[in-house]
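In what follows, structures are represented as structure tokens.
In the two complexes that follow, subunit A is the common piece, with subunit B as its partner first and subunit C second.
For the complex of A and B:
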């Protein structure tokens, strides 16, 4: 496994494990409600033409997240994806 | 089962007057794309927009149906992942569930994706006791060889669970019957309470009695206390405008 990085750097098609949600307050709760709990496997699906937001596959639903949020999610990317 | 129910309803003393009673209001809530509008259409005979992508329903729509001589108003809500709204549609759903006091809320979940969906079920269980879980897309779950122990789920959550495949009408009669049973207090759901860490529980214990004094039991005072502690501004705005005197003289 690679070292830890933030979710915004995960390239479309690649998988990662959510390690930590660093956001606080309402944003944190919101991200947890979307299924971004530590230990969740997540896949980057598609980046919008302007680079933001990006669509992710999270626990059986495709959800678009903005970079201001994905910057605050630490992940461990899977080797070779 | 249906025969026993019919007998029970017919022997009900109030049966005759049921038709003239104020209709029960039933809310359809759930994550986006779980089949809420499909169930709405099947029960009311209306034609709400359905399709296989999330976020189709943006406003709340209501329709009616009659079951066992009793009238029901069914409200189709936009899909939402959480009671902490992040969009106008999610706010519509939250406001209706929290401040319109439906007689029963049916949470429609995707049976193939329970892990994601049950979070909202637990949240709504903090708001209201009058809750039914509808496991929809059971045909898809079977196709994927998923086996769901509905009885265990029902015991763990403390609420009735109904399995449906709304697109081909499966389970809809059972759903109508369960709604009828909860409305008429033949089934009493008791959503399993969620316990928070001690410091939070202490704060809730201070606020909850004050909230109860202001607004009684219509909206679970424990849930209101939690929202106030979280400083949920969107909730607080809707909360104050929902009070009978629009918050006049009320200071929390």
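For the complex of A and C:
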């Protein structure tokens, strides 16, 4: 298992487990509402043409997040599906 | 969660029992909800094959790609406009000939009844003609554009546009969902201002609302199409000229989008300072659009609604214009005096007094700017049958000395001038703040005047004309 890192560094196509959501306030609330609770599997899907935002697969839905927000989500990457 | 929320007492109890700090307690509640949901889903829900998902990813690989993302957006926009321009040509002239045939019959009817001249003037030349113009110029492009646009909406493409454009909106200090409200603006700016509610941050919502008018709505782009066809396409149906007319309209729409970014940037650095808030956008799965439903929905809900509103406004506006054109003081009609008063200012903008007056009288709805202008021109000079864009060309270019510069300035001012009355009213209702409503009026108007004056003097200075 790889070392812990932030979600913005997850390359498209790669999978990870959410470890911790560090955002606070309304942003934290929104991210939790999406189901980004510790232990959730997340996959990076697409970067937008200019590199930000990035689309992620979260619990079967495709969700786009900006880098400011993904910087505050700590993940543990893993191989395979 | 607010203190008064019915659940907040429950939350406090749970904190007491679990001994966790408030934030942790909320987290563990959300976590357990999701774990339970996951467990239930795993036991009961069968996931469909991954074939559809793979197709979605393949489509996204094109629509969201670094290379193809933006070109595909531009191509789709141009294609929709092209189909609209080509498709609107014939029905427009059929409607015009039909409605003017009816006008002749009505005129004969009034003559038979021995009606007074002013009755004919007021009802036929004023009310009937402006309504006829609104229908024949506006209806065909709307009836083609709306369904095409709804198809894109239904297919799930619009959130992808927001995804592709978010980077620019972030740089401008605005919200990515502004791309969606901007797209709504193609339909109707007033509706788009209501749709700004999808943006949570009040600052970003206001930026989206104030800049929405730079997207030419359905009441304005038929005017753009008519102008582009008039000055570039002519009335010929040659492929090349039609393509040029399409690209011109696309260019003006692009200019509107660029101005949206520039003004959003300006607002978020001056009047509406602040940091961009978080952006979370779902990219829904692609669906094959339900074509029948799309056509019915867009024709019934949108086209007919917008057209009905335009006609309701056009009839009294036509009547007022006719009265102004036929009330004489010292041998000059009120309309001509008003136009003459505006003319010195308008000529700096590359327009003439009548054009600026048409924009002012068109405040209730943008659909009626062109009909008012035509009526103002026609009632001043010789009466003529206006059955096609060729006749319009004759009226504008030969009788009133329009050049291609007049055409460009007219189109520029069509894209950037005050929002229509309905849009201003809606903004006032949404924001409940007269200051911002006034800013929504001032911002595009100043931009438009500045652009028109610069283009006019630049062209004259460089002796391009």
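Following the convention adopted for this analysis, the second predicted complex is superposed on the first by the 78 of 81 C-alpha atoms of A that agree within 3 Å, B and C clash if a C-alpha of one lies under 4 Å from a C-alpha of the other, contacts with A are read in each partner's own complex, and residues count from 1 in each chain.
Going forward, a contact is a pair of C-beta atoms (placed from the backbone, for glycine too) under 8 Å apart; a residue touches a chain by one contact, two chains touch by 3 or more.
All values reported here derive from a predicted model rather than from experimental measurement.
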* Tell me which partner A:9 touches in the superposition: subunit B (first), subunit C (second), both or neither. => neither
* To do: Examine A:34 and indicate which partner it touches, taking first as subunit B and second as subunit C; both and neither are also allowed.
  => both
* First (subunit B), second (subunit C), both or neither: which does A:26 touch? -> both
* **Partner chain in contact with A:69 - subunit B first, subunit C second, else both or neither** => second
* **First, second, both or neither for A:55, with subunit B first and subunit C second** => second
* Structure fact -> The answer to whether subunit B or subunit C touches more of subunit A is C
* Is A:45 in contact with subunit B, with subunit C, with both, or with neither (first, second, both, neither)? -> second
* **Intersection of subunit A interface sets (partners subunit B, subunit C)** => 26, 30, 33-35, 59-61
* Could you please specify the touching residues of subunit C with respect to subunit A in the complex? => 26-27, 30-31, 34-35, 38, 47, 56-57, 60-61, 64-66, 69-70, 163-164, 166-168, 170, 176, 200, 276-285
* **Touch list for subunit A against partner subunit B, complex** => 25-26, 29-30, 33-35, 58-61
* Structure fact -> So, in the complex, the side of subunit B touching subunit A is made of residues 31-33, 54, 81-82, 84, 86, 110, 112-113, 115-116, 119, 123, 230-232
* Structure fact -> Note: in the complex, subunit A contacts subunit C through residues 23, 26-27, 30-35, 37-40, 45-53, 55, 59-66, 68-69
